[in-house]
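Got some structures for you, see below.
The following pair of complexes shares a single chain, chain A, combined with chain B in the former and chain C in the latter.
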Partner chain A sequence: MKTADRAACADPILNEDWHVVADLASVPPGARFATKLLGVPLILDRAPDGTLAIHRRDDGATVVSRERYGFAWACLGEPRRDILDIPEALETDRHLVTGGSVGVAVSGLRTVENFLDMGHFPFVHTGWLGEEPHTEVEPYIVEITEADEVLATECRFFQPVASPNASGGIMVDYIYKVVRPYTVLLYKTNPLETDRKDVIVLFVQPVDEENCVAHPFLCYLRTGMEAATVRWFMQLIFGQDKPILENQYPKRLPLDPRAETPIRADASSVYYRRWLRDRNVTYGAIPARA
Partner chain B sequence: MFDTSPHRWHPIAASSDLVSRHVFHGQLLGREFAVWRADDGFVNVWENRCLHRGVRLSIGINDGRELKCQYHGWRYANRTAGCTYIPAHPADAPARTITNRTFAAVERYGMVWSAEQPEGEVPAVAGMEEGGQLVLRPIPLNASADRVVEHLKSYAFAPSAALDAQPVEMAVEGGGAFSVALLARADGAATRAAFFVQPVDSGRSVIRGMLDALPDGADRVTVLRHHNQRLTELRERIEREAARLPAPEPMQPAIVPVSAELAEMPELTPSGRKAALRVQVARKWQAAEGIAALELRTVNGVLPTFQPGAHIDLHLPNGLVRQYSITNGPGETDRYVIGVKREAASGGGSACVHDTLRVGDVLAISEPRNNFPLRRDAVRTLFIAGGIGITPLLSMALALDHSALSYRLHYFAQAESQMAFADRLAELKGNLVPHLGLSPEATQEKLRETLSGYVPGMHVYLCGPGPMLEAARAIARDCGWPESAVHFEYFKNTHEIDDSSSFEVALARSCVTLQVPAGRTILDVMREAGIDMPSSCEQGACGTCLATVIEGEPDHQDVYLNDAEKRSNTKIMTCVSRAKSARLVLDL
Partner chain C sequence: MIKLYDYELSGNCYKLRLFMSMLGLEYESVPIDFYPGREHKSDWFLRINPLGQLPVIEDEGLVLRDAQAILVYLAARYDTSRQWYPVDDPRRLGEVSQWLSFADGITATASAARLHDGLFYDRDIEACRTGAHRLFRILDDHLWFGEQEGCDWIVAGDRPTIADIACFPYVILSEEGGISRQDYPAIRRWCDRVKRLPGFIVMSGVFPAGPAKAA
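Up next is the complex of A and B:
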C-alpha cells in the first residue's frame, strides 16, 4: 500500500519542471517559510534585500529557485523547460493579482480537473457561476494542440454573476487550456472589451500525492475593476470548491477509465486523464492497470 | 489481526442515527458507507461515493426519496441506488446501469446491521427482546476490534435497578470474535449487557452496547450516564495501550470498477426524436383522482407557439419518451400544462411522472406538434372525450369558447372525482356535458344520441380509449357523418404490428433507394441512411412521421389515418406501416 507522504515522485516530467511553492506576498524580505513539493520538505529564505533561496529540509541541498509573477518557484531537479510564459502578463492595462494560496487535502490533479469542469457550477457555485435550473452543459470542443496542451473551446454556460462586475445572468464563453500536468488556464470574455479575454491561471503545487496548494494568478483587464475585487471573487469561488474536493474518494485521480463514470459534459476531463496517462504522469494519480 | 470476513454481520449505526432527511457516514472494515433512511422507512446502505467523480454521498442531500450528490446534482433512487437524473444533460436519461453499490441493511436491537456479503441472519442475542432493550451511546475508539473485545470482557457495571450497589458480581455469559455478553448482579438485581464491537478499520472501532431492559424516565438517563462514564474510562485505558504500539496500516477496500460501457463517454446521437426545449416543472398537482398535472415553464427563452390539439414529447428521467397533449387555453403561452393519468399497466412512463418528477426538475421536451388540428369554420363542433382523452379536447374547447363559437364538450368519465382540470372545465359552463359512470352499453347509447342530427358543416373530435373511439367512429358513420368530419386521436396503437415483410423504399427527392428488411421500420432504415425524419410516438398513433406516397401500395398498420385516407394510398406512417407492393416511392 502507498502512503501519500512516503512515496517519492518518479515522474521526470514533474521533477524536472518548475512549480510554484509560495506567493511572495506572504513571504516578506527577512522571512522564512516552510513548505513541501512532491513530498520533499523545503525551506524558503528571503534575505532582507528580498533575494530568495530554497533548500531541502531533509538533506540541506540547495534547490533551484526563481521569482516570477509574484510567486516563488522551485525545481527539484534540472529544469528541462522554462517557467510558463503568459503573454497577457506583459500587457500593461491588466491587473496582475495573486489570488491567495489555498491548501486542499486532495491530489492536485483532482484540483485541476475541477477547474476544467462546468457541470458543478449550479451546485457548488450556486448564485455565482451557475444556478438551477440552468444546469445543461452544451457540447464543446476538446483537442490536444500541437504544443501538447489540452484545449477546450466553445464552452458556454449560463452564469448569474459571472465576474465581480457582472450585473445579471449571462451566457459566458470560456476557453480552458491545460498546459502542464499541474497548471491550467481559463480565458473568459471580458464583459466590457468583448474582443479581449480575462485570464485566470491556476498553478497547483503538488505538496504530496494527496495534498496540494492552489495558487491562482489573475490577469484581468483593469477597466471597471479593482484588484482587491478580483482577489475577493477568486477566494469566494475557490472556497466553495475546497470542501467538495476534500470529499473526493480516493484522493488521487484515477486514470483507469472504469474507475469513475464520465458523461459528455466531462469531455475535457476525459482528455485530461488520457493526456496524463500518455505522458506517464503517476504522481497524484492512480495509474490505469495496463 | 481480527477476522475480516465479508460474510459477518456487524452493526454500523444506531437506528437513531438515521434522522429524517439526514445522511449518516458509516464505516466497516475500512469501507465507507452513506447510510440514509427514506421517507418510506427504507434504510439504504451505499458505497460512500458518487459514481461520477467519487464525491462522498454522505455530504449529499437526502430529499426523502432520492439522494442528490453535492457536486453535480446527480440523483440516486431510494432502494435501487440507480441514477435517475443527470442535470448536465437534461435531455438524456441516465443509463439504466448507472447504479451505486448497495449493501445489506437490517435493523435489529435499535441498530443497523450490514456486511459486504452477508451469510445467515443477523445474530440473535440471548436475553434481549427486540424493542425492549436500552441502546447505549456508541463509543468510538482508536484501537483494533480484537483488543477492544478483550478489554470488554472485564468491563464492570452495576445493575440498572441498583446503580449504587457494592459489590457487583460480574460474569461473562457469552460472546464471540466481536461481541461480549455480560451479566451484572447486586442486591438481588441483575442486568444483562451485550456489546458488539464494530471494526471500523484496522485500528479503529466502535463499541455498540445494549442493556436487556428499558428503565423509565429519569432512571434511563442515570443508567446511560453510568455506562457512559465507565465506557469512557475503558476507552481511555484501551487507547493508551494501543497508542504504545505501532498503528496498523489502514485497510484498503476494493472499489468495484464501473462497467466498460459506462467508462466510455456517450456520443451525441445525430438523429432521432428531437428534444430541443428545456422546461422546469413549476407546479405539480392532482388534476383529478389518478391524474397528475404538470405546469412546465421555460428555462431559457420563450416557449414556442402551440395550437389546440398539439402534443409534446416529454423525455422522462428514466429514459422513456411519452406524448402528452397541451391543455392550455388560447394565449396561455408562458407555460404548458399537461395531464398524466397513472396507468395500472404502466410501462414506466406515467409511474415516472407520478412518482419521480417533482417541482424544480428540468426536463427536455420536443417542440409542440399538431397532428390533431382544430377547424374553426364548423357550424357546430362536438367534442367527445373519454377519460384522460379530455386533454387535447379541453384546449380545443377553451379556444372555441373564447371565440364564442358553437360547441359542446361531452366528457365520459367514471365519476366526478375523475374529471380532470375541474377549474378549467368550469369555464366552459353549460357547454360541458358530463356523462358519469356509464356502462359500455349505456355509453354506446349516449354516443348514438349525441351523434344523431348531423348536418353538413358540423365536425366532431374524439379522444379516448381505443374501444370507445372505435364505437364512436362506427356510430358516426351510421349517423351519416362523412369521414372528413370525424377527427380522432388515439392514445396508443393497440394493434399488433406485423413487421415480417421486406420491401424497397425509394425516396424520390433524396434520390436514394433503401431496403427495408423484416423486423426493421421504414423510419429506422431512413435514419440509418442519414435521412432525418421527425417522429414522436413511434407506434402509429400521433401522426408526426407522416410521409406522402407517390407510388406503391402501403400496408397501413397505424391508428392515425382515417379509413378514407388509408384507402387512398397517398399517405403512410413510416414508424409502423409497411408495403404490400415490392416497392414504395415516397415524396421525401
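Up next is the complex of A and C:
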C-alpha cells in the first residue's frame, strides 16, 4: 500500500505534490519539529550535519523530503512534478528570505483567496496597502494560462506604503498567479526600479482542512532594502490578515458558485474557485453541490 | 531620543509603542528579527539583555529591560500629569504594582498560547489556555465590580494607569491563542474604552474601536 493511500486527503493532486512543512531556520541541525500535512502527523529530524529526514508519526513510515528556498518540503505520495521553479530566485541582486511561517486557524484555500483580494486593503491594511477614500478596485484581467495557472493582470491599487522603501503613496501594479492549489505568487512594482518587480510567494501548508501554515518566500530587489526589513514588512502585513482570516466562516472554502455573492472586484476569486472545482480539489473546501 | 528594541508582533513591545504614543513621546524603533531569525538570542543582543527577551529601551544612558519596568520608568520620567503611575498615592500605587504583576501572568498564559498556535512554540497549550481563562475571569469580575462603582479602569480613579496599558495587549490578542473573550463582557467593554483613549494606536492583529455606540 502506498503512503498516499493512507492519507486523510482524497485528492491525488495534493497527495502527489510537494508542500512546505517548515522554515529550516526554525529547525536547526540536531533539532526535531512536529507538524501535520493534509491531516497526517509528521516529525522532522535534522541530523547534526543538517541532513533532513521526515517520518509519519502515526506509522513511522518515511516521507520523501527535500530542502529548497530555505524550507523543508514533503510529499506524502509519489511526487508527480517537481518543486515550483522560481526564476527570480536565481537573480543575484535579490534578497531571498523566508518571511516567517505563521499558523492560521482557517483552510489554506481561504488564505490563498485572501492573498488574491485587493478589496480589503484599505480596511485591513489601513495606512499601508490602502486607505480610504481610495477603495475602488479597478477592473483587471483574469485568465487561465496554457500552463494551467490562474493569472490576474493589470491590477492597480493606490498604496500609501506599498513597500518598506516606498516614500509616499504610489499607484502600484500587481500581477497575481495561482500556480498550485495551495501556492500563489504576487509580482509587485518595485518603488525604486519601476521596470522590475518584487516577488512574494505564499506557500500554504494544509495542516488539516481548517488549519494551515502560511510560509512566505520573498524575492525583493536589494536596492535600498535590508533583508530584515523585508521580513518585518511581511509580518506586519500578514499579522493584519491573520485575525480576519480566522474569523471567516465557514472555515473551509465554499466552491459552490451559489454559496457566496461575488462582485466584479472578486473576479480572481471566482476564477480560483472554479479552477479548484475543475481540478477536483476538495481538501479544505466545501465541494459544490452536484 | 529613546531607542526601543522592537518586534512588530510582540504584545510587550506594542504596550511600549502604545504608551509612548499616548504620552506623545518620540522614539526610534530598532527592529529585531525575532522570528524566524531569533536575533534576540544573538550574541550582540545578549550583551544588551542577557535574558534574550524583548523589549529593551535605551534612554539617556539607561538600558532597561522588562515591559512592565519600562512602563514604570516612562511614566515616572515623562508623564507630567503624574496620573499614569500615581506615585503620590500609596494605595493606588500598590494596586498598580499588583496589576503589573498580573500582566506578567497574562503573558505567561495568553501570550504563550498565541506563540504556540501562531509561531509553533513548544508549550502545553491546554495549560496555557486554562491559565488565561482563570486570569480573565478574575479581571472580568474586577472590572465588573468597578463599573458598578462608576470606575472605568483597572485601578480605581478617574484616569487610566499603566496597569491598563500593561494588561491590554495580550488580552486583545487572546483569540490568536484560541482564547475567546465571549464570556467576559466587562473585559470587552474595558478594551473598547482603552481603544478610545487619546493617542491610541494599533498593532497587527489589533483593530481600532468601531463607531461610538449609545450606552
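Just a few scattered comments:
Here, the second predicted complex is superposed on the first by the 283 of 290 C-alpha atoms of A that agree within 3 Å, B and C clash if a C-alpha of one lies under 4 Å from a C-alpha of the other, contacts with A are read in each partner's own complex, and residues count from 1 in each chain.
Please note the rule applied: contacts are C-beta pairs under 8 Å (C-beta built on N, C-alpha and C of every residue); 3 or more make two chains touch, one makes a residue touch a chain.
Keep in mind that what you see is a predicted model, and the values were worked out from it rather than measured.
Considering which of chain B and chain C touches more of chain A, the answer is B. By the touch criterion defined above, A:Leu236 lies against chain C but remains apart from chain B after alignment on the C-alpha atoms of chain A. Once the two complexes are overlaid on the shared chain, A:His120 sits against chain B while remaining clear of chain C.
Shared-chain residue A:Ala105: touches chain C; no touch with chain B.
Of the two partner chains placed around the shared chain by superposition, chain C is the only one that A:Ala228 touches, whereas chain B remains out of contact. Of the residues of chain A, those at positions 243 touch chain B in one of the two structures and chain C in the other.
Those residues of chain A lying in contact with chain C across their complex are 23, 25-26, 33, 35, 98, 100-105, 228-229, 231-232, 235-240, 242-243, 246. Within the complex, the chain B residues that touch chain A are 32, 48-49, 51-56, 59, 70-73, 86-91, 98, 249-250, 252, 255, 257-260, 262-268, 278, 280, 299-300, 360, 362. Across the interface of their complex, chain B is touched by residues 1, 118-120, 122-124, 132-137, 139, 158, 243-244, 247-250, 254, 256-267, 270 of chain A. Remark: chain C residues 8-9, 31, 33, 35-39, 117-120, 175-176, 178, 203-205, 207 touch chain A in the complex.
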